[in-house]
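Structures given as structure tokens follow.
Both complexes shown next keep subunit A, but they swap its partner, so subunit B is in the first and subunit C is in the second.
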Partner chain A sequence: MSSSTGSLRRSAGSLLIVVVVWELVGKLELIAGGTFPPLSAIFGRLYDDRADYPQHLAATLRSAGIGFAVGSVIAIGCGILFAQFKMLERIFRGVSITFFAVPLIVLVPVLLLAFQGTMPRIILAIIAVYFPVMVSTLIGVRDIDPRLAEVIRVSGGTDRDVMRFVRLRAALPAIFAGLRVGGPGALLGVMLVEFGGGVRWGLGTYLLGSLGRGEPARLWGIGLLATMIAGISYGVFSWFGAYFLRTNLSTTVSMKASSTTLDSDDRYTGLQRLVLGIASFCTVLVLWSGALRLMNLSPVVARGPVAVVRYLFTGARGADARDRLLSALGETLPLAGIGLMFGLLAAFVLALLLDLFPIVGSAFFPFALISQSMPLPALTPLIVLVFGRSVLATVVVTFSVTFFPSYVTIAQALSSSPQGAIDVAESYGARRLQVLRFIRLPQAIGSLLTAARLAAPRALLGVMIAEYLATGNGLGNLLNESRGKLDYGMIWTVGAVSVTFAVLLTQIISKLERQIGRKFLV
Partner chain B sequence: MAGETLLKIDNVSRSFDLRGTVVHALKNVSLQVPAGSFLALIGPSGCGKSTLLRLLAGLDTPDAGALSVNGVDPFTLRQQGSIGMAFQDPALLPWRSVRKNIALPLQILKRNLDEYSARIQSLIELVGLSGFEDAVPGQLSGGMRQRVSIARALVTEPNILLLDEPFGALDEILRRQMNLELQQIWMKRRPTTVLVTHAIDEAIALADSVAVMTSRPGRVVEVVQIDLPRPRTTEMFRSTEFHAIADHLSELLFTHATA
Partner chain C sequence: MNQLSRRQFIGRSAAGGATLLGLSAFLNACAKSDGKTSSGGSASPLSMQAAWINDAEFMGYFIAMTNGYYAAEGIELNYLSGGPDVIPESSLLSGIAPLALTTPDSTIKAIVDDGAPFVIVGTQYQKNPIGIVSLKKSNINEPKDLIGKTLAVPPVNTITVEAMLKISGVDKSQLTIVPYAYDPTPLIKGEIDASMDFTTNVPYTISQLGEEASSFLLYDFGVTLYNDTVVVTKDALSSQRELIVKWLRASRKGWEENFKDTTKYPAMFADSYFKGTGRTIENEVFFNGAQQPLMESDGGFFSMSDEGIENNLRALSEIGIKGTKEMFDTSLLAEI
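Right, the complex of A and B next:
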């Protein structure tokens, strides 16, 4: 029996166990008094509601589809441009990092203020798609086998020819890896805006309405449906990516492993770095003010960077605003930190366990796939349903959005130890545990930081969504309240402050990451 | 052709900055061979032989000195499509078939591919890959891939053929076979050829002259003429003349390596 059919069988087996356990737990109402309904009830409810779904589904899919398409085109275009013109990438890096780190929910009120109809949904989908697709395009186009470029140049080719004959084609697997993440991202963006209200149709609207009425079976039905859509788009793009990857490998002896980070600044001097940093920071501010100017909004509603600073420090109610902001931050940040820590720790422990007992890994795979695909806006109401409107629910949301991506990152690092080093250890009679300790573990330490960098913005988003939807605490709630009170200054301030924190956090982690990386670089 | 018909390397120097220390890959290297001849560059790792080849290909520029073939500099030659190059790694585009990989340089030079289909086909036959026209590199063995890359280097009928250890990754038996095949191919059109190698027998089997190089700094210590008649055969590899030249070359290499 080949190992792939074996792992397929184990995955199918564990999926069956999930279904049976779920059904039993639901039937016996073992968890939180019926908030965890049996699968049969969920599917029964889906069938009963079948007349409602088409319009909700169509509305969400339409916005997500348009946002995904437009976002992908922009992101792929930017990725190619940035790969060609390094300085352009460096100047726009602040913008890129902002789009990566921004807790999308802070943009919801802003977009609802600025645009009508389905535009806010489409725009948030575009923003959600942009970063993963742009970065993977950039890396795919930039990091090609240098010998292929030399072949083109020796034959009289220019940079344009290298782009045309090598880079674009070689980047396809990376681009599809980006699109694979972007698809569920677009769905997340659209559903978040739907939570913000103002529209009659959409899965998010439907979900929020059902949360209010406390209908567990319907909530789960919507959640599973959204998961399925995200899962299908993930699967389709994975398939294309794998196809192009197969056709891209094969000949070259050492295809350079793609890095996950943007170019490091090592080649610049300290002063140049400072100038570049300031330039890329200013680009963010200029784009922010420029966008407001372009949209031609009233300055009361639309606040630029200067207006936000003025609101907080020189305005009449500045002191009061600062107090509210600080107390909200005091509630949100610790929760995000705790959730992130637990998520990372659990991911690390699980990755180690699975490395020692690989057979569990394939059984575990279906869970990983499902929870990777479940859109955060669908997951949050379900967790709130089970754990109540409590701090615990917030931590659970944060944990679950950080756990699986971190697990994937760490497990990949653990399994990517060079076979040669493992062979050396084993030739001296090293046991599995020793290989883990001497070879795999030291290599995986760096990946813990990578996982933290990728998960930190998700943790903040998770906490804020839970706060916004359910618990009535922290930044998420402050955002929601300010919307109700038409406190525009606060809406923009919460946005700016949470972006700043998310960016700072990821930058600090990425600095640590680079230091560790440099230390172990051969 | 009127004027000088020469491959000329004139007092070329090139150094690299490697983590703060300056490495003189080439220092004051001068070489001259007649056009249409076969030059081999031989030497230990780090003697600058590959750097010299990259300079000839116009992939790099010297810090001092000049290189030319028939008075034309490498950059111009490259743009004219006069250079064919094969590397130690075949560096084929993995998503292209054998035929399309060979056609790549023609596409870059914006030639009409339809006019060249006969030439491509004859090159495929020349390197012994008939029947594999539509195979992709992943379906070929290492030796076959290397033949594709040599066919690709020849497709523009270049005046200059640059070979950077093209058989370095092949086993000894296959390497000898490929050496003889390359000689056959070369004798048909006699492009000015520069072969980088670290195998003494390969250099003798193929070249009209062998430049022995040494490292730190990279320089040419002697140019040895190989006067064996062509076509050279496997029997010649066992002859006394062959061994005499081999002994002389290895003496040069080892004296300077330990000096």
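Right, the complex of A and C next:
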């Protein structure tokens, strides 16, 4: 690790290179006949449009801020509760994973049916924030250095004291790591509703109104502004996280390799596991139908689990609906798999490269952030002009949504190799490459599955977005067409099926992860 | 590990429940502060669901709000903008608004398939502004010219494009249909040959970008549909009939005022309805002028003639949607 001024200078240097290259590529119209605008044009456009922005920005920040705050409170509360009552966590696991895996574009039309005003925006932000913050809180509170808890207990402290003096304090860096991911998520969720929901003010609204102008500089300006907000929130929470990491744990080395898994099921018997699995599944169904009943929606619009099953299997058009659904799934699922592989592979290679050449990392970071917070409708013309509307375009979009979370997970594993092991290797004269090969690499391979688990639902989302923006195939298109035809049964079916597959995929990878983890990472 | 007593558990759960209740109250408060506060008085509130974000398509309603035409009729109008994820019929079904501007194809399909309780009481457009927009140099002047080409269609307009192809005898497999994402860039760059959109709107943008556009209306090639049909729920029709008639009267007045000078109001709304929409006032002026011939009719704005209704039903029956005359109710217009 170099000094902070050194890394700052390096970041500034590489940022300069990014700016110059971007400007040249844009000015010379190298990409898609000038559809990728130079930075100067983007900022010029931002300046020209400066009168438009304040109200949009204020509206977006307000909803995202409320959603983020409320979502964080709920998520941290749930994380602490789940860490204490493991059974509760297990029963609500289906709900948690559903919130994590649900493609947000499926939720937007549904939320717009059920709520008015700013509610749909706030709720989507809460859903986007919930999972990362809940999981990181749960893990932070749970995986403490057991010696610290012993100290409290030996001194006559209760579990409550352990929670207060050890767990909550030790969890702070993890909680901030969760908030760091949740911030951009809340922003994107809010913009998604603004874009689709007939909202008067908001960056998403401005994006929709501007799409029809065919002026990429405006669209990129909106995207860059969103990126900047995401970047600032990411930076602020990173700083807090680092601060608490320094003040908290300066002397301790965690005894337990940090894991990002939820509680393992090992201590249950097969039967217990089955019962818990069913309970967790039923909780989702009960909440789904309960929520619909509470909102008192028309049964034509709002379909519960029973109505979806009836639509598919006993309804007059059931056979036709099943055919359309199956052929859409056949198009979507393989692509999600391919996109996920590419995203993981690229993230893995890049994380290794960056570990060897940190300078590339700081140059790469702005792009990574853009890929996270640049609204995809703004990028669609660029994508279809460069990659066409084929499988390639779909894979590219999927790649762009899966790559970053995978990269973060793998890079974290690389950098969190136990310092003791590295010290041992270095004292025997190991070079950087050897440390990488013998210590960091095995650690990173272990994290691949973790990355895959986190990225799998996003891969499905990526394919669906590409399908409805560019290719017109698969589940994404089916969802959109069904909206045009007011085929509410199909809208809910696509939602339920896509969540089911995302959850299944997550669970399968999670199982693999635990089995492999038991072999290698004890 | 946790030896928590049952009482503690209940206590904590109750605290958690209370927190959640507090949260939802807080959220409601946050959400409500954004909405309009009701002014009280004798005016009757009425919500209408529009079909898209604020643009010239809805000039008449903006004028009627600004000039107090609704207030004069005793209506306190709650105008709800639309967007790509807003299905106006859904707003009717879920009780968000009793009155919505819809496309007749989706509305009639919902009545036929699901028995949706809708009645069409008027239409904003006598001729649907939706058409095929292309660059002049592509020489696409009728549906048959699309054979072998790539056409971008908003996925929500699938029924409309199916109707066009069926009526003009073109098979779906003879052209490539891709999703339209509301951005004309792929059209300008030649990545697609044509797009399906409002002919009142996109040709202006294309001319701004230095290309010459050509377009034709689907209406002129057999897809004789209305658009922005005024649809109310059966419930509203029986309980708020007077109010709906008043709404039609005030809205008609708004549109009449608008077409006295199509350039006047767009500029006036630059700092209100059209502020910060991302679109230009010049674009709205173009739109406003272009939509005039599609809206005017002998019976006055919103009117639905027997012939017009039959045309709609015939076009829809071509694609297997069997509507009936009873789905239209012209008696409210007669009372204006």
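Annotations
FYI, the second predicted complex is superposed on the first by the 427 of 522 C-alpha atoms of A that agree within 3 Å, B and C clash if a C-alpha of one lies under 4 Å from a C-alpha of the other, contacts with A are read in each partner's own complex, and residues count from 1 in each chain.
Just so it is clear, contacts are C-beta pairs under 8 Å (C-beta built on N, C-alpha and C of every residue); 3 or more make two chains touch, one makes a residue touch a chain.
Just so it is clear, the structure is predicted and the values come from calculations on it, not from any experiment.
By the document's definition of touching, of the two partners only subunit B reaches A:V154; subunit C does not. Of the two partner chains, neither subunit B nor subunit C is touched by A:T493.
Of the two partner chains placed by the overlay, neither subunit B nor subunit C lies in contact with A:S280. Within the superposed three-chain model, A:A470 lies in touch with subunit C and out of touch with subunit B [touch as defined at top].
In the overlay built on the shared chain, the residue A:T450 is in contact with neither subunit B nor subunit C.
Of the two partner chains placed around the shared chain by superposition, subunit C is the only one that A:L207 touches, whereas subunit B remains out of contact. If you count the residues of subunit A touched by subunit B and by subunit C, you find the higher number for C. In the superposition on chain A, A:F165 makes contact with subunit B only, while subunit C stays out of contact range. For subunit B in complex with subunit A, the touching residues are 57-59, 78-81, 83-85, 87, 89-95, 104-105, 107-109, 136-138, 145, 152, 156, 162, 169.
Every residue of subunit C that touches subunit A in the complex is listed here, in rising order: 1-4, 9, 12, 16, 19, 23, 26-28, 30-32, 34-35, 50, 52-54, 80-87, 89-91, 93-96, 106, 109-110, 113-114, 116, 154-159, 177-179, 181-186, 188-189, 191, 201-202, 205-206, 208-209, 275-280. Chain contact summary for the complex, subunit A toward subunit B: residues 145, 147-148, 150-157, 161, 165-166, 169, 247-253.
Those residues of subunit A that touch subunit C in the complex are listed here as 32-33, 35, 51-52, 55-56, 66, 70, 73-74, 77, 81, 84-85, 108-109, 112-119, 122, 159, 193, 195-201, 205-214, 216, 218-219, 297-298, 300-302, 377, 380-381, 384-385, 388-389, 467-472, 477, 480-481, 483-486, 488.
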